[in-house]
Amino acid sequence: MLTTNPFALGAAHLPDEDDDDKPKEECGVVGIFNDPDAASHTVLGLHALQHRGQEAAGIVSCDGESFHSHRGLGHVSENFKSEEVMNRLAGPMAIGHNRYSTSGDKALRNVQPFYADLAFGGLALCHNGNLTNAVTLRRQLVQKGCIFSSTSDTEVIMQLVARSDFLSVEDRVVDALRKVEGAYSLVALTATAMYGVRDPHGIRPLVLGYLEGAHILASETCALDIIGAEYVRDVEPGELVVIDHDGVRSVKPFVPTQRRFCIFEYIYFARPDSSVEGTSVYHARKRIGEELARESNVPADVIVPVPDSGVPAALGYSAESGIPFEFGIIRNHYVGRTFIQPTQRTRDLGVKRKHNANRAFLEGKRVVLVDDSIVRGTTSTKIVQMVRQAGATEVHMRISSPPTTWPCFFGIDTPEREGLLAAQHSIAEMEKLLGVDSLAFISLDGLYRAVGEAERGSEKERTYCDACFTGDYFLPLADRNDTDTTQPKELSRLRGA
Amino acid sequence: MLTTNPFALGAAHLPDEDDDDKPKEECGVVGIFNDPDAASHTVLGLHALQHRGQEAAGIVSCDGESFHSHRGLGHVSENFKSEEVMNRLAGPMAIGHNRYSTSGDKALRNVQPFYADLAFGGLALCHNGNLTNAVTLRRQLVQKGCIFSSTSDTEVIMQLVARSDFLSVEDRVVDALRKVEGAYSLVALTATAMYGVRDPHGIRPLVLGYLEGAHILASETCALDIIGAEYVRDVEPGELVVIDHDGVRSVKPFVPTQRRFCIFEYIYFARPDSSVEGTSVYHARKRIGEELARESNVPADVIVPVPDSGVPAALGYSAESGIPFEFGIIRNHYVGRTFIQPTQRTRDLGVKRKHNANRAFLEGKRVVLVDDSIVRGTTSTKIVQMVRQAGATEVHMRISSPPTTWPCFFGIDTPEREGLLAAQHSIAEMEKLLGVDSLAFISLDGLYRAVGEAERGSEKERTYCDACFTGDYFLPLADRNDTDTTQPKELSRLRGA
Amino acid sequence: MLTTNPFALGAAHLPDEDDDDKPKEECGVVGIFNDPDAASHTVLGLHALQHRGQEAAGIVSCDGESFHSHRGLGHVSENFKSEEVMNRLAGPMAIGHNRYSTSGDKALRNVQPFYADLAFGGLALCHNGNLTNAVTLRRQLVQKGCIFSSTSDTEVIMQLVARSDFLSVEDRVVDALRKVEGAYSLVALTATAMYGVRDPHGIRPLVLGYLEGAHILASETCALDIIGAEYVRDVEPGELVVIDHDGVRSVKPFVPTQRRFCIFEYIYFARPDSSVEGTSVYHARKRIGEELARESNVPADVIVPVPDSGVPAALGYSAESGIPFEFGIIRNHYVGRTFIQPTQRTRDLGVKRKHNANRAFLEGKRVVLVDDSIVRGTTSTKIVQMVRQAGATEVHMRISSPPTTWPCFFGIDTPEREGLLAAQHSIAEMEKLLGVDSLAFISLDGLYRAVGEAERGSEKERTYCDACFTGDYFLPLADRNDTDTTQPKELSRLRGA
Amino acid sequence: MLTTNPFALGAAHLPDEDDDDKPKEECGVVGIFNDPDAASHTVLGLHALQHRGQEAAGIVSCDGESFHSHRGLGHVSENFKSEEVMNRLAGPMAIGHNRYSTSGDKALRNVQPFYADLAFGGLALCHNGNLTNAVTLRRQLVQKGCIFSSTSDTEVIMQLVARSDFLSVEDRVVDALRKVEGAYSLVALTATAMYGVRDPHGIRPLVLGYLEGAHILASETCALDIIGAEYVRDVEPGELVVIDHDGVRSVKPFVPTQRRFCIFEYIYFARPDSSVEGTSVYHARKRIGEELARESNVPADVIVPVPDSGVPAALGYSAESGIPFEFGIIRNHYVGRTFIQPTQRTRDLGVKRKHNANRAFLEGKRVVLVDDSIVRGTTSTKIVQMVRQAGATEVHMRISSPPTTWPCFFGIDTPEREGLLAAQHSIAEMEKLLGVDSLAFISLDGLYRAVGEAERGSEKERTYCDACFTGDYFLPLADRNDTDTTQPKELSRLRGA
């Protein structure tokens, strides 16, 4: 059943098709070991993580001998609703994956988890993140005779494991991961053990949970909550967790380095009812709103969130500023992926298809709009216009993130700098473009304060990845800097399935 | 694209499959006359009214000569997404319908609008409401040789129009409606005119709008907003509105009687961004919350809405009581109609699949839960339990409607009295059953005050239908009282399509 | 599983999509009473009658109280393959229908059997044939307030039964059929009895069978064979057969008139393994070939059937003439309804997509091609050309029917006279158009001899309908001659479902 | 459109689901180079070869730069009917494949052609046949780190090509094929050339054709006929044909050995309108029937083919013996893959669902039934019983192949010896089991005579593979003899897609 809540508070919505004005998280992972309902619980966990990837979902289970797989385009609830599918996913261990993908490679062959029969037996594997040297590694592997069946960077890891000279699965996985660079929170399954790894910087989240003898890995705690599992701890940056019938064993196979968790998980990606890295996401968002109110308060009559993701920060802003909070904009939730194409005349009706102004709260008022981020700025412009048409006398926009000025290479889909409004324009220019009386973003230090740090600090002290605001990538970007023009730019010459 | 807003404020959600603990609105209607995008705008209007009926949707358009129809089970966005379908729905006039139906007659043949070739030409027809003498009329018509192709009460109206001895469409429609009893807001279309009628009591809503030469009929104003149309006025109880190329003409063909608008539309059914009978639904709900706080306030630390429909009343309660409002319960929105059947073990995880407690806001707190109504009470029990498990020291439940103690026969799907918790139990018993420290419903007079009356008043003065709280049905219930046991109770002996 | 037999002998093939050069039978019917497997056996019977109608199929069963229905577009095997559907079709009685329809009214609402709740209870009804005054009757009924839910002539019968002033089902059915004109073999079902009727002339076939206590009605005997039932007798022209738990009762409610069975059933429509009116269809076709050889033999080296329907006549021709029979043309059976649209270049490859010449049997030979009929002549032209390209020195065409010069109004879909090659051209002209050295059709008397008559005889003696060859329609054609131009020509103003 | 020809002459039918009593050909291949309609013509060619594999079909085309692929389960006409699919298959080169597969590995991942991005660019590849050392090679490759994405033996060839140390595509393909053993007729495509290879013994067929500048490879000539292409020659055993813009080049990279073409292609597999190895299949079948009549004639009244594949031999038998040929058994062609499951009572009706006896030709007659082969004998038993029930006084069965006593390892799906009737029983026993008055198979020498040889001859002279009759496999069967029990018997531990 679909929902059309015209108001909503949380940031963790499933983006609409036309939500092209928001960054997109690329994946969510779940793994369950030693659970009689392993596949069902993986489905529920993936469902709770649906906001991290809506384009495809897959599960591989194992009964100790054979592996069982089902993967499909679309939502978790669509792909795993049939009893036949669920019966097929037998066994007490399973790993699963939600995928968001950039257009062009939506093919089923790219849907994770990947599975391969290796020399030691079967291996299933999936991850959340993005490798920054995947293209370079792939090219080398093809020269050596490797056949790739997808264009996913996950398959690079699989091929490296397959060709590793080490004997044990654990050593092969470590051998493979030492060759890759970038962000990854990886879950793998053999017939006897489950593995969880976070990259040395811990850029993407991964938590460990427990439910009646079963050990669980998941991107966020909300995937534990939905199945009634208890949160044990976060997997640590650079940690390899090995789960088998002897329990949970921890290995630290990488050279220790600085923790750099993605700060945007707090601003927008994670579900508000999750805790990541030990902090409640909802609380963090309220605190960001409070900081924002302290930094850039303005005399006003009403605080109005831009639905849905601006709501918690707007509540925080309202609490700190004392200005009343109201749902002044209501969202018409379009349900279903595709919908009739509007005629030009209908198109001119514009943003109304998506948002409806609650005139009673806006007319004659000085309005503070609170949103989480500005990417291209297209939607913001329409919303400001709608609020003015509803009779607002002043419109002030407050953004609960610093200006987004750099693309992400660590697992988030964002435009290049040319497409980022704040990378191309000054605050004053943006105020004009958006049509607001004032525009303010939270400061970097303010953001760090809201998530519990004193300030952003020097490069050495910095504990978050804030590259999308600063361009501080702190990792080599091999594929990005690749200048080999003798090779085709596409990962595959094959079009189609 | 689906939404999984884990919080939500509005009451106008699309009920989940397992929302069996809420009453269900039975229909929404839209009609558009003289609009080059008649069908597209009808789709958008129906989409805005999706909360009034999710099981089927249909549209009949007319190009002045031929009629074009498309009807399907499921949501508006699923049924009308194809270009081919939309191209087929040609012409500047269209009427559309969203349907909720009780199980058993979900067949396509019952999906409105209905169409028939009558002596004068084509007629399409749909309504929101429920006729209370439909079975009796149907039986008489079958004896006269009428063949029914559905089990819908709308077809009774169609057959009466077909057999009317009057000549003009207007006279035939009035002739037919004079024979029926119950609640209806009806929209009809011929090749030259559109008709809108509300039953003499005006039980269900119907509004008139205008957009660049086009006249629009719709159940709620949110259907006007979505296409940028202007709200003109509500169609009046007992009014027949005739819309043709000469404009809008009003007829009052029925004996005038008392206005008795469904008060539950304010409490739960209508979308919060709609105005019905001239009053903002969102405002009404906040005022109900305020009245509730005045009537039955209790010392507490936090006001927590039961998502999604308790949110506006909780905001009103919080504002009036001064106790802080927090989203202490988060809803896991299940998307997709069907989902894997849980195993027994998974089932025991219970309400967690649907709601997640925000422990940080509940632990050690005295909690006031605000919900809109209690029907069977099954969900409420689970929620209270969950809130206690999250550490609440006290749980007080406040309901923004009076106790629901009688079934509705005027277009809402509710259980019989045996299934209504409040019809079977005292407040004290319910407190025990639900496991709360205290339970309070808004008083009838308090509810009337919230919607702008001084009090409920005597039978003569009463301007709302409150039968579900009082059993005051104010209309004969012919089918209900039918004791003819020589006839099959089913409307049709046919099973299947 | 589909078949692509490159050769085939029988006439009873399912026409290809592009078989627009053959007349099309419009229906097949089956009814079974008192059989524990009523629905399954109806499915099998309809499957055996698939050649009589491929566009839709439906079944209504009855368990003595409720009726159960399933109808769908497409083939029998597609519509009734699911266990769920078959379980639903409960009860020891069922009637079923295969439908061919002219394009434009392929909608599901036209798929038979039709069902209605009438004053006396439920009635299901279907027929094979065509009423010649259906439009006239329909118009009168609409004026009286009848609502039609289809454009099928079967519904006219149903409405007449519904409005009949008689009390018993039998009397009502007779009352209705006395008002209709045309060809019909009808099967009807109530909760207690099954009815079978052939029109007074017996234009379309209907046989009675028996299987372990069950009585069966079917269009052809092959539907009895497939379920192992025994053939009892043909229902007689003008006979109403009433089957209930007292057995089979025969009524003759119509004024007796001349038997006029459709002679084209022998030539092309019926399955070769059926017996109709007591005569083996396959034998009849062989005898037609023998007559043809006697009437228009020509010196030749090889007799080659045009696949598939020319095969039995070609065998007869070969036997009579002593000229060897060979499969000189092989048919590429296209499977699946739709197929890629050819490019112009591919289109020029023409008939080869459908037929392949067996060069070894044609090169240097004088060839007699035997086909069953020529309608438009388009396919014949291509086949002759192909045979010549394969090296035939002479091509003689022999047709096992007289020239088709008039359209059928009794249940077969044929072009109007403008579209019938033989109605527009002399034999000599056709020889030139088709590119053959000689062309001969069987004579009318020859055809009558082949089916066991001495000759065609005078109008009084004539026992077959041969209107498509002679224009002798022997019945008023009310709809055909209708000149009321104040009414729309379409049966319904509704487009779509 | 489906066909239900109740008679049919050819052997090249598409087997029914329940045709488990016939051997199944495993594949058909087509390749087209330098044709503006390459993909369309490949579709047509595959369609003509549908009898060689009905479970899946795929095409890979190339536009000189990118490759375009579409593969699907089911028939050619189903998989390639959409315009969107055909538009996607751009470019003047394409290869395609029809697949029959043993149950269990029907997954899409096994559908050919396979494609891989190799060091030199893209390569697409498919074959007809069966490698007898595929499992052994696969195991070695996995140990070296190869990841297989299917369980098909074709991927073994692809992996060998990928890892070959040679540089040119031609050298790599030869290098790979020198490592494999068994039967294969292979077609491969790069961005600049197409390759065709037959294994050194030429076990499976492959022909070369030409159409207006385009070069074509196909399993049988009927695939050339359908697109109007001219037959050039058969690719020779052990020949590698390289087709590029310089034309056709022939290479003979293997040690020359004896030609051993599959003689069963003449008996049953190939389409009767094809010529294979220069001989018309239809002629060969008639000659087999003639030989059979000479070898084992018996006094009788009528020669009746078991439809559909017994027809040509029956015609030959009739011509030689002078006993009249009649279609005494008619086949009810079941259309659609699945069909309702019969009840026990319905099941007892048995073979009638599939065949119908033409009583008029059988009653009181001495009948010779002609069939092409006996595998398990289940269907034959039922047919004999049916013919007897129809009144035949004697039933003699004549089989146009020698007794099938050994399984095939070269690309045909047959039971093991335990499942082969003739491997378990003497002629006398079989006569009793089948219930016939006499049973005779054609002799091996008779069969060789029918295909143009003087006799079977010594091992050195033998030019056909007749292993299914003799067990003379003439090749090592590495996988068959593999006794490594430390490895799982399944090719993959993965179940599902």
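By letter and in written order, the chains are A, B, C and D; residue numbering begins at 1 in each of them.
Everything that follows uses one rule, which is that contacts are C-beta pairs under 8 Å (C-beta built on N, C-alpha and C of every residue); 3 or more make two chains touch, one makes a residue touch a chain.
Molecules present, by chain and UniProt name: A, B, C, D = Amidophosphoribosyltransferase.
As the structure is a computational prediction, the values presented were derived from the model and not from experiment.
Enquirer: Chains touching chain B and chain C alike, please list them.
Expert: Joint contacts: the list comes back empty.
Enquirer: Most remote chain relative to chain B, going by C-alpha centroids?
Expert: Checked the centroid distances; the maximum from chain B is D.
Enquirer: Starting from the mean Cα coordinates of chain C and chain D, work out the distance between those two points in Å.
Expert: Those two chain centres are 37 Å apart.
Enquirer: Taking each chain's centre as its mean C-alpha position, how far apart are chain A and chain C in Å?
Expert: 62
Enquirer: Just the number, please: Cα centre separation of chain A and chain D in whole Å.
Expert: 51
Enquirer: If a residue has to touch 2 or more other chains to count, which residues of chain B qualify?
Expert: none
Enquirer: Touching pairs of chains, which are they?
Expert: Every pair of chains in contact is listed here: A-B, A-D, B-C, C-D.
Enquirer: If we count contacts the way the header does, which residues on chain C are in touch with chain B in the complex?
Expert: 60, 65-71, 88, 108, 115-119, 121-122, 142-143, 145-149, 158-159, 162-164, 191, 490-497
Enquirer: Report the residues of chain B in contact with chain A in the complex, numbered from low to high.
Expert: These residues of chain B touch chain A: 1-10, 12-17, 19, 36-37, 40-41, 43-44, 47-48, 50-51, 54, 75, 77-78, 80-81, 83, 86, 222, 225-228, 271-273, 280, 282-283, 308, 311, 327, 330, 332-343, 345-346, 349, 352-353, 356, 358, 360.
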